[in-house]
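First chain written, first letter: the chains are A, B, C and D, and each begins at residue 1.
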Amino acid sequence: MKKFINNPERVVDEMLEGMVAAHPEYIRKLEGFNVLARKNAPVIGKVALVSGGGSGHEPAHGGYVGKGMLDAAVCGNVFTSPTPDPILEAIKAVNGGAGVLLIVKNYTGDVMNFEMARDIAEMEGINVDYVIVNDDVAVENSTYTAGRRGIAGTVFVHKIAGAKAETGAGIKEIKATALKVISNVRSMGMALSPCIIPAAGKPNFTLLESEMEIGMGIHGEPGTHREKIRTADELAAQLMDKILEDMSLHAGDEVAVMINGLAATPLMELYIINRRVHDILKQNEIKIYKTFVGEFMTSLEMAGCSVSILKLDDELKLLLDAEADTPAFKVI
Amino acid sequence: MVVNGKKLIEILDRIADVIEENKLMLTELDAAIGDGDHGINMSRGFHAVREKLKDDDGSDIGIILKKAGMALVSNVGGAAGPLYGTAFLKAGAVVEGKQTVDVADLENMLKSALEGIKMRGHAEPKDKTMVDAAEEALNALNSSNAAGESPQQAIKAAVDAAYLGLENTKDMIARKGRASYLAERSIGHKDAGAASFALILKTIFDELYGQESS
Amino acid sequence: MKKFINNPERVVDEMLEGMVAAHPEYIRKLEGFNVLARKNAPVIGKVALVSGGGSGHEPAHGGYVGKGMLDAAVCGNVFTSPTPDPILEAIKAVNGGAGVLLIVKNYTGDVMNFEMARDIAEMEGINVDYVIVNDDVAVENSTYTAGRRGIAGTVFVHKIAGAKAETGAGIKEIKATALKVISNVRSMGMALSPCIIPAAGKPNFTLLESEMEIGMGIHGEPGTHREKIRTADELAAQLMDKILEDMSLHAGDEVAVMINGLAATPLMELYIINRRVHDILKQNEIKIYKTFVGEFMTSLEMAGCSVSILKLDDELKLLLDAEADTPAFKVI
Amino acid sequence: MVVNGKKLIEILDRIADVIEENKLMLTELDAAIGDGDHGINMSRGFHAVREKLKDDDGSDIGIILKKAGMALVSNVGGAAGPLYGTAFLKAGAVVEGKQTVDVADLENMLKSALEGIKMRGHAEPKDKTMVDAAEEALNALNSSNAAGESPQQAIKAAVDAAYLGLENTKDMIARKGRASYLAERSIGHKDAGAASFALILKTIFDELYGQESS
């Protein structure tokens, strides 16, 4: 296992120390908990947004704490949902009296732990609500399963709900906006290589030099199936097919695009993917309002990418364009 | 079979060791169709249980199990944390105030624990989760107790049934938890949570009756 | 070779198409040349800054084109300096009448090609000057060699000279500021894995699972030597030793820190490195004014990192804090 | 030996093929102590030369070499582009307006090319660059011409000397170009630019006198 680490058991703690050291103008760490909170939290009168989940997805979620996005990020162990305790602590630390909205990615563990924390917080008299992001079209949605996963599309929820909260909107309105983003965003990913959980010390699966894993999540879990590797254009088309199949997009609709690198994939390759994604959208007469290319929701050192498409309306465009100032996501 | 608080703490202590010894196995099961952290999570959790019970005087089985449940909720994380945590909390609730428990209590505790797991995770048997081990174990314990078999026989039956439940998960399509993302591809792999469940039950038996007789 | 590409010979062209598609609000491509120019270039009356070099270092340099940084980036083939033609074209496209300053990393090829372009541009009556960045302390500096390489510290030159140009300063002043940055910045890097030039199809060297390459450049070229891998803390100390040995830093001095990922290394690990770098600086009573952690000057899909330390004075602090709005580097 | 413009264009054409055939070898030499693109760069450059000379009428050797030099400058990039480009431009400058060149011209051209390379790259012999092949070749050509040997003998001597120069780079410590970053570690590897230089010279000989006689 070749990593810049000291102790596999302490990677999250040490990472958070390094993050706080790097960005003291944005974030602080709650004493005794792996929670990054906005430096100036609680913002009195503003609804606070809390997200988080397992670590290993950096810059998600700590990198999105700041003006116009999150008020706190709860950082679990690598790929493991945080327990209710730090979530509760985060809720208490950022509640400015107007309530707290939790943004949770749809994984059994995340949902259960955030729900438990919400239950306790409500018993303590804090107004807490939550939304569950499930943008990953790789996984069949069904009430008989755990449902779709939340992946990179979550960052759009952070950005847009965060901008909404900044306008002084109430928790109900912000939740409605967040739910609108969730119902309008679809993502799909794939990987060229696995990743190594530091405490495990070896990869969860292996791929041949000629293979790729389609429908890859962001936890090193296998995807929906394996295929022979193909060209960037074919791959982009494959991901887009699955996304467009699941979205009701019509000629003239406007979208935001996110090409997300899982970590090891160079920006060069993400731009090559983006090129084809744009072509496909243009062929479908979809207007591209804004594009984000980079690493937004990673999976340790995995090579791979995901594409997210968010259908926009006037409200979402306005909120997407609103100023955001966080360590990892800035809109001027 | 009568277990007091001190013995229960010893059993929980031993579970921490057994989970630690089987950390790799559990993690590998999870790696095949999940994210490969189950052994790591459980080991962290049961070490916290041990820590939490270090100074417990063993006077109340209910309190011991509640403390264990809280330690699991607060330290395991992931899916297994709330599930095992709830299981221990619920098991504790039905023996509140008791200084000792017998095999009938054990049946109640297991029943309540399983209900807690189902309530929290909304899983049913055949969803390829820890429920499949727990359900089989409870049924076997129930039948054996009803048939008037000895506590040793009853608990042995529960352990064997849990392992059967675990084996059965191999052919199932996962419908809950991370493995569900794999759909058909989850077939052929045993469920990690069912494995940890069977292991915990087996450790209880081994602590009560010795490993030879198992 | 597992990459999201279509044709190894066309990666740069396709990447640039993808970049322009993603960031039309910032950049445009010069017709027929692999040059990305500021959308609104030439900015009349402002000294224009042009940088560039081989591709494969994304987001450098195209990602730094925009307000407060570069006016154009010239994109050569992968790891190959661009030829004088596109450099000349870039100079002509962004010259707003106040002259053009070239920011060149110290590689034989880059220096020769930028010099040739400058010579031709001057013959055509454009006022062109250049600075050469050589921040890499891994390589012994000597007049008898090609000298030190330019690596991630170059991004500080882009940021600060860019901010200076934005103030309306003349080319001489901007050059003086750029030279001040260059004389105050030192970097050192290392790698855990090699990278694959698409057209070559295989790595330039191999490393054992237990080995790392110290003093790694950003072109897949071997470093100064090979060692057994160590902990993140030991590595950070090793890089910092070499950097501090070469800088005259005293207690009370202020610095900016850049922890740069070469590409495959996850942000988590960069933050773990940052943690130790901060500790070392604090032990030396050096004040940390600002820290940048991320991928600024990459090397295709290489795993590795570099640390850069820039000694600041009041002017540099002011310019570092000035607004920058580019695809890959934003200061609000 | 008398070469007219048409023959020169044929030679340059053949160089493009030979570089293409040896692309991997040149790239591997560069990969060992540089960045592994020399073969790719040179191949791109000489294909551009071919393209540029496609419609040339062959009337002026100087113009042909200038065109080749410009094509190299504009298409090779990296260090080799300005160096080989300047070499061809300088070689062309000394035969401006000539319809044919002989072995004396060749000596002048090589001398001027080498001066151009040194002027542009500031390298000296023993810096482990293409200069080491060029310098040996020029000296050999010069001696052989001075001794009144035949053009074939003289050019053969130059080719052999270039390869000797190439061999000699193996034991040198690089002091210019990317390989210089490796310092002592550059010992034991031949220089890629010296290899392409020797290869180009050998191709000229082979085109003039046939491969058998070489």
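Note that in this section a residue touches a chain if its C-beta (ideal position, glycine included) is under 8 Å from a C-beta of that chain, and two chains touch if they have at least 3 such contacts.
For clarity, every value in this text was computed on a predicted model and none was experimentally measured.
S.K.: Could you work out how far the Cα centre of chain A sits from that of chain C, in whole Å?
M.R.: From the centre of chain A to the centre of chain C is 29 Å.
S.K.: Compute the distance, rounded to whole Å, between the mean C-alpha positions of chain B and chain C.
M.R.: 55
S.K.: When the centre of a chain is set as the mean of its C-alpha atoms, what distance in Å lies between chain B and chain D?
M.R.: 76
S.K.: Roughly how far is chain A from chain B, centre to centre by C-alpha average, rounded to an integer in Å?
M.R.: 32
S.K.: Taking chains as nodes and touches as edges, what kind of graph is this: line, ring, star, complete or other?
M.R.: Here the contact pattern is a line, an open path with two ends.
S.K.: If two chains touch, include that pair; go through all of them.
M.R.: A-B, A-C, C-D
S.K.: Given the complex with chain A, which residues does chain C contribute to the contact?
M.R.: 2-6, 11, 14-19, 21-23, 55-56, 58-59, 63, 192-193, 209, 212, 229, 231-233, 235, 257, 259, 263-275, 278, 288, 291-295, 298, 300-301, 303, 305, 323, 325, 328, 330, 332
S.K.: Quick check on the complex: what are the chain C residues that touch chain D?
M.R.: 54, 76-85, 107-109, 112-113, 116, 138-140, 144-146, 149, 197, 199-200, 204-205, 215, 217, 219-225
S.K.: What residues of chain D sit close enough to touch chain C in their complex?
M.R.: Going by the criterion above, the answer is residues 27, 31-37, 40-41, 44, 73-83, 120-121, 175-178, 180-183, 185.
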